[in-house]
Amino acid sequence: MHVSHSFLTWVAVILTIGIFSFLWKDNPFYKFCEHLFVGVSIGYLIAITWYNGVYPDLVTPLFRQGKPLYIIPLVLGLCFFCRFIPKVSWLIRFPMAFTIGWGMGVAIPATFQTMIIKQIQGTLLTPGIFARWDVLLWAIISFVGVICSVFYFFFSWEHKGALRLASETGIVYLMVGFGASFGYTVMARMSLLIGRLQFILRDWLGVIR
Amino acid sequence: MKRNIPLAICLGMGILMMVQFFVPHPISVGFYDLTTKWVRIVSAFAVVLGVGSFVMYHSEKLRRRRAGWLYSIVALVAAAVSTVVGLAWGVKQTGPLQSYIFTPLLVPLNSSMFAILAFYMASAAYRAFRARTRESALLLVAAFVVMIGMVPIGAHVPFFWFLVVMAVALLVAGFVTRSKALLIGTGALVVGLLVWPAFWKFKVPRLMLPDTAEWVLSVPNMAAKRAITFGVALGGIATALKVILGIERGWLGGGKQ
Amino acid sequence: MKFFQYLLKIDRRIIYIIMGVLVMLPLIRPLGLGVTSGPRAARLFHAVDSIPAGKTLLISVDFDPASMPELYPMLTALMRHAFAKDMKVLLCGLWPTGAGLAIKAATDIPPEYGKKYGEDVVYLGYKPGVDAVILGMGENIKNVYPNDYSGRPLDSLPMMRDVQRLRDIPMVVALSAGDPGYSDWLRYAQSRYGMKVGAGLTAVSAADAYPFLQSGQLTGLLAGMKGAAEYEILVQKNGYSKAYMPAVAAMDSQSLAHVVIMILVIIGNIAYFATRKRRS
């Protein structure tokens, strides 16, 4: 065992223990760590946004390179500050309209292509699946699964008769899908704990190398 | 005017960007370049909303001495110090923002916040995850297959033995609850497992748990998630169209203005 | 019966302690279960491996310190693979809190292979705007990032002379902890610019990516810490790295944790049904 002499490592460990102390019960040390986290995150975000976003994209071209057209996004951006002045808070609608309209317009064809057309292409049964018996079987099972799962979410008609059969088959697929997601979620959460323990055992206590 | 002009801007930008996707003309590409730059700049300013709300909330709490107001001082001071350090010394790898703010503070705090979820997951799994219905039992079995199959220990577990463990668990549950249905189901499973070795005579390759997990993920899970993807995509496109056309106006905010 | 009722009412802190101890033990005394790579990780590995020397691999660092145990080992393994094959590595990010992790990797990994910042690796930094960033990079990277993360003009970096837009880059690997992430790269970089996209995801989002893998939109997938371990093993087995593999080292703990969760669920269900039967 070789305990670290680094002050910053000790700070990190103390903060880790502070957050973990919540597992026992809520306490002032945990609350301190929680508020410290929120504050530090905000400050870090401001610094990164300024140096990586605002300064190179706006300040440099507008004030250093003298490109006057950049006044328009500057004015739009400054409208965000109006949110905190009740009399002119309606001005925030302009930058929102610009970014939301732009984003929605760009997203529609891209989403259609990526999440609908390509996905339909992937679902279709093509001649290639007849190469092997297992590929054919899994392709048919997937095809049936996609159709039935989509039918489960179709609420415009009452689920009876053939629609009910399809819907109930869809539920089976959905339950398997959610079970798989749960299994993976367990893996994700455990990984995060293992990562923290690795830091404590390796970087602080030197128990593992 | 205060509502109509923003709605008109939203409509105009939405339609222009949708059309632009299909038009390779230089004017279209130039417009696309220009608006892309402007959107990046305007998006950067959106951080003001979050920061402003944070400052207002904690300042108000401090001013009115509400419960936990001392912690608001911690939050505000931490935000101020890290902002000053970041803006004054920059974001270089060797700078104080990286060395004294990010690595010793932000990393352990952020990581630990999510690491404690592992304990909650264990507690919730024990206390709340009940196989009350056939659907939830199916969910549970799929979860077990993926959980064990996707980690190294699963590589040492043939699917046959996983079924044996499930059968034993069902048997114990059946005896404990004295449920006939459970015993019948377990009996059928045990008979099936006894028949299974007959396949070994025909030299069928041993099916390992990771292969089963891979199949669960690639076939039924994939089908279910694809159906959900369709729903999400269609819902998203419908909402986007409603926003562009001004049918959905929630983003304008409330008020008489 | 009292035993089962006691089991149901057990203090959650006892479960926490059991969990903590059983996860910690294999880290100190490994079980030696070993790690083998799966087909999805192998697909991504071969896709990256087939990139010619001198070409650039783009890695999008779209995660924060909360997902570091799962995604940071993927980042370091990918970078080691790229450098061993004499590729250039271009890093960018859509998450602001990922900036510190990306610059750390861009500083720590290149010296292992004698690589230099500016010539073999560049970190562009974080940029707000997500879709605007990706679409802008598709036309001209320098329009989006006139400088790198530390403020150096891209024109002054030798590596960026041959990389003007996304079409100059054979592949992007998006290491994503959620949204924004790989789905934005698929929607904008692939649909508009035909870019090859690989993904390294937290296990939470991995199950949702299978439709994109099956349709061929994703070229390989690394799922969670296991995916990171698989890639580390592949990189080591092919002789590209001898570095410490944190994800591989964590796999024994991962295995034991999953078995414990499974046992807890089974015991909880048995106790529940036993007491429910009694009550009814």
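By letter and in written order, the chains are A, B and C; residue numbering begins at 1 in each of them.
Everything that follows uses one rule, which is that a contact is a pair of C-beta atoms (placed from the backbone, for glycine too) under 8 Å apart; a residue touches a chain by one contact, two chains touch by 3 or more.
Quick caveat: nothing in here was measured; it's all calculated off a predicted structure.
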{"item": "Contact graph of the chains (line, ring, star, complete, other)", "value": "complete"}
{"item": "More contacts between chains, A-C or A-B", "value": "A-B"}
{"item": "Where chain B and chain C are represented by their mean Cα positions, the distance between them in whole Å", "value": "15"}
{"item": "Chain A and chain B: spacing of chain centres that average the CA atoms, whole Å", "value": "6"}
{"item": "Inter-centroid spacing, chain C versus chain A (mean Cα positions, whole Å)", "value": "14"}
{"item": "Residues of chain B touching at least two other chains", "value": "21, 37, 39-40, 43-44, 46-47, 90-91, 102-103, 106-107, 110-111, 113-114, 118-119, 121, 125, 140, 144, 146-147, 150-151, 217-218, 221-222, 225-226, 228-229"}
{"item": "Chain C residues counted as touching two or more neighbouring chains", "value": "16, 19-20, 23, 66-69, 97, 99-100, 125, 127-128, 132, 135, 149, 151, 192, 207-208, 211, 214, 223-224, 226, 254, 257-258, 261"}
{"item": "Multi-partner residues of chain A (each touching 2 or more other chains)", "value": "23, 41, 44-45, 48-49, 51-53, 57, 102-103, 106-107, 109-111, 115, 119, 122, 142, 177, 180-181, 184-187, 190, 192-193, 195-196"}
{"item": "In the complex, chain A residues that touch chain C", "value": "23-24, 41, 44-45, 48-49, 51-53, 56-57, 60, 102-103, 106-107, 109-111, 113-115, 118-119, 121-122, 142, 177, 180-181, 184-188, 190-198, 201, 207-209"}
{"item": "Interfacial residue positions of chain B with respect to chain A in the complex", "value": "2-3, 5-7, 9-18, 20-22, 34-35, 37-52, 54, 56, 68, 71-72, 74-87, 90-91, 97, 99-119, 121, 125, 135-136, 138-147, 150-151, 213, 215-234, 236-237, 240-241, 243-244, 251-253, 255, 257"}
{"item": "Chain C to chain A touching residues, read off their complex", "value": "13, 16, 19-20, 23-24, 27-28, 66-70, 96-97, 99-100, 125-128, 131-132, 135, 145-147, 149, 151, 183, 186-188, 190-192, 202-204, 206-208, 211, 214-217, 223-226, 244, 246, 249-250, 253-254, 257-258, 261"}
{"item": "Chain A residues within the chain B interface of the complex", "value": "8-9, 11-13, 15-16, 18-20, 22-23, 31-54, 57-58, 69-70, 72-74, 76-78, 80-81, 83-84, 89-90, 92-112, 115-116, 119, 122-123, 138, 141-146, 149-150, 152-153, 170-187, 189-190, 192-193, 195-196, 199"}
{"item": "Complex contacts: residues of chain B adjacent to chain C", "value": "21, 29, 32-33, 36-37, 39-40, 43-44, 46-47, 90-93, 98, 102-103, 106-107, 110-111, 113-114, 118-119, 121-123, 125-127, 129-131, 140, 144, 146-148, 150-156, 169, 172-173, 176-179, 210, 214, 217-218, 221-222, 225-226, 228-229"}
